[in-house]
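In what follows, a structure is listed as structure tokens, so that the remarks can point back to it.
Per-chain residue numbering starts at 1, and chain names A, B and C are given in the order in which the chains are listed.
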Amino acid sequence: MNFKNRDILSTRDLTREEIDYILNTAEKFDKNPQEFSDLLKGRILALVFYEPSTRTRISFETAMKKLGGEVISLGAVEASSIAKGENLSDTIRIVSSYADAIVLRHPKDGASKLAAEVSPVPVINGGDGAGHHPTQTLLDLYTMRKENKLEGVRIALVGDLKYGRTVHSLIYALTFYSAKITLVAPEELSMPRDIIEDIKRIGGDIEETSDLKEVIPEVDVLYMTRIQKERFPDPNEYRKVAGIYRLTPELLESAKEDMIIMHPLPRVDEIDPRVDETPQAKYFEQAKNGIPVRMAILSLVMGAL
Amino acid sequence: MNFKNRDILSTRDLTREEIDYILNTAEKFDKNPQEFSDLLKGRILALVFYEPSTRTRISFETAMKKLGGEVISLGAVEASSIAKGENLSDTIRIVSSYADAIVLRHPKDGASKLAAEVSPVPVINGGDGAGHHPTQTLLDLYTMRKENKLEGVRIALVGDLKYGRTVHSLIYALTFYSAKITLVAPEELSMPRDIIEDIKRIGGDIEETSDLKEVIPEVDVLYMTRIQKERFPDPNEYRKVAGIYRLTPELLESAKEDMIIMHPLPRVDEIDPRVDETPQAKYFEQAKNGIPVRMAILSLVMGAL
Amino acid sequence: MNFKNRDILSTRDLTREEIDYILNTAEKFDKNPQEFSDLLKGRILALVFYEPSTRTRISFETAMKKLGGEVISLGAVEASSIAKGENLSDTIRIVSSYADAIVLRHPKDGASKLAAEVSPVPVINGGDGAGHHPTQTLLDLYTMRKENKLEGVRIALVGDLKYGRTVHSLIYALTFYSAKITLVAPEELSMPRDIIEDIKRIGGDIEETSDLKEVIPEVDVLYMTRIQKERFPDPNEYRKVAGIYRLTPELLESAKEDMIIMHPLPRVDEIDPRVDETPQAKYFEQAKNGIPVRMAILSLVMGAL
């Protein structure tokens, strides 16, 4: 399988075989990181971030540096000041003449597609608009697989399913693995109908509820997401919802022993810190898994493997 | 020729022989970058930027990293916050005890000269005030030479010739190469008289016009620059001028086939994006040429060659 | 002596033997930096700065890079934007899964202790609140020792002794070396009583005065600190004090020939720039000494020595 020079814009462009190949590669890096410490020596990765995303940025930066490569970075402030006088495609053209690959973060849907069209080097979508964030989805899948909770798994996606970029991207990939998906959200934040219809059309097993408590004993994976105050015009309404969708050790008492809890982070109030101590809590592991997954993607698109 | 520990403050301090030597060195890096990937291993370059200049910064950073060196960076915000409590010379003294060379960007004319006086390590002027930007001039010359358009060339400098730092620096260097220079600017933005007199005194071949259309068929190099709205008290006046000095494929129809178009970038409206597809468009190449030129300068002043 | 995985939170946690061991290690790096240029190859240092501190940041960054290691950095702006949605301990947990050590700068006392509790990798306090800044103290001690002015030395601490984090941290360490300490401050900025009592209780030799002039001929080390305008409600009061505690070549005429002047920098008006030319001025040397001292600390806590 050859990923050299390939853009990574959305997991929806990837087949199951391609996803598995990336996850297998990530596993190799995870097991023997030292073996690859000079793999990208002399290569340069450009991070072009038009909006701040510290976590995504330092995760890519760490991955690149663990492979012996170097990073140049256009920060959010600079990028926006560039933006004043220059269009995205000019910036990408110049940066692509300096670097061997580009990670782009941009507030607008489709920005990474536009960038990929003008760039002679591969572009990795580090999140654009409400659309896609493929490396987040790949690390989510990697985490599930590592915990032996991927094929045919029962998974609940919980919280803000209306605006959450992460879950929109993940849900499609889950259908490759015959996952049984339960959507758990308050009505105000439920998954868009067109996505649900889409998933059903491609044969996905999906149901909806608003009752977190009832779902917990059933599932193998509990994928929590943040519920943002700004989504609610009425603060009382927010408080009510936030209270119901807050995971506590008490709620977890009915969970399967080997169930795992995931969260794309940062979390705010939706997971009680006491949950961190439970064996089910895997969200910090999940963040850590971003490193081997991004090492795999960088090495593959730069043709180093 | 020995550049070790030499400050690069202005191209006017350089002889033609020295410029040629730098360009020859850049050519070596351009042809075989891999050969030099460990040349500056263990060395540290400090970027001290008192005003933002993303392009200059990432170009130097890329050049240093392609040579195996490391970069430490004082960004614009930090530098200005330092500036509150500390004078430039204290900052330079400390940074020069950490690094093997310094690139300084500063809003005031002469700042890099002051820095060079207190620094035991070489200082490279990354642009100070309206004065000098020697590495930009060197990459301009390198681009012209690479395109076989330097010795005795007919060149038009177009746009804002009054405030444009780039053209003020380039015009002197062009006289070394017996270039025939045509200045093309609206009256409000014409080249300062003292520079024109200076160039004539040293034997330069120089003439002035405000008619871009008439000049295009004559020249080998069309060096475009940005016309900034802020220079015009009357927005109507700006629109009129911007319209006249906008390069389009239609205007280019009368151009020589092997003419080249340059621009220090970022461009705004002065070059129609459709021009990018013409064979004459060389401005992205020009930006790319900044890397080998800066690799050459860094290696030379650090005494690694 | 084994420092592997040890947090460096305060010099008060260190014994004299441990401090000496760190200073001895720093001396090795100072004498033969090249010998250690690959010592931390493949390791990553995370700089997590919740308030700007350019000097501390680039000093650690330089130290890490001189050892062949890599740096990832959460800047002040990013860190504070993280802070909005996420607590310090979550940030540290994630960063510690990417990096081999963390340097934390934080406005609150005790932040680095909290970070150390959740981090599996060593945490180095890069300054927290009014509390501690151990690497500054270690580089101060290293500078004194290098100048042969540590054991039994007569030292004056001058300026803002009330709020100055640096002197609060240094004064305790000095008692290990039987220093004779004179505190020189205006009444408004005198050393807190509890610290003075503490030092006396552990047998420290300490006295107070407000007369800088009288002290100069007596001492081996003159440790100056900045007096900040903001500390004074009345600007006239500030000007009076700032005038009295300003070091000039004239004031230095009565000093011992081999006396040394130190300052944590940045200085503002408290040292006349003409003093820079005197043989006693050692503050730029002191800043430079931050590099080998931080190289030593990084290598020790990462277990590379």
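Quick note on the criterion: a contact is a pair of C-beta atoms (placed from the backbone, for glycine too) under 8 Å apart; a residue touches a chain by one contact, two chains touch by 3 or more.
Given the structure is predicted, the values throughout are model-derived calculations rather than measurements.
Visitor: In how few steps can one go from subunit A to subunit C if every step must land on a touching chain?
Guide: Graph distance in the chain contact network comes out at 1.
Visitor: Turning subunit A onto subunit B with a C-alpha fit: angle in degrees, nearest 5?
Guide: 120
Visitor: If you list every residue number at the subunit B and subunit C contact, are more than half found on both copies (same) or fewer than half (different)?
Guide: Mostly different residues form this interface, as fewer than half of the numbers used are common to both chains.
Visitor: So how far apart, in whole Å, are subunit B and subunit C when each is placed at the average of its C-alpha atoms?
Guide: 41
Visitor: Name the residues of subunit A that each touch 2 or more other chains.
Guide: 77 - these are the residues of subunit A that touch more than one other chain.
Visitor: Taking the touch rule as given, give the residues of subunit A at its contact with subunit C in the complex, in rising order.
Guide: 34, 37, 52, 54-55, 58-59, 61-62, 65-66, 68, 77, 226, 265-268, 284, 287-288, 291
Visitor: Sort out for me which residues of subunit A touch subunit B in the complex.
Guide: 41-42, 44, 46, 70, 72-74, 77-79, 81-82, 85-86, 90, 93-95, 97-99
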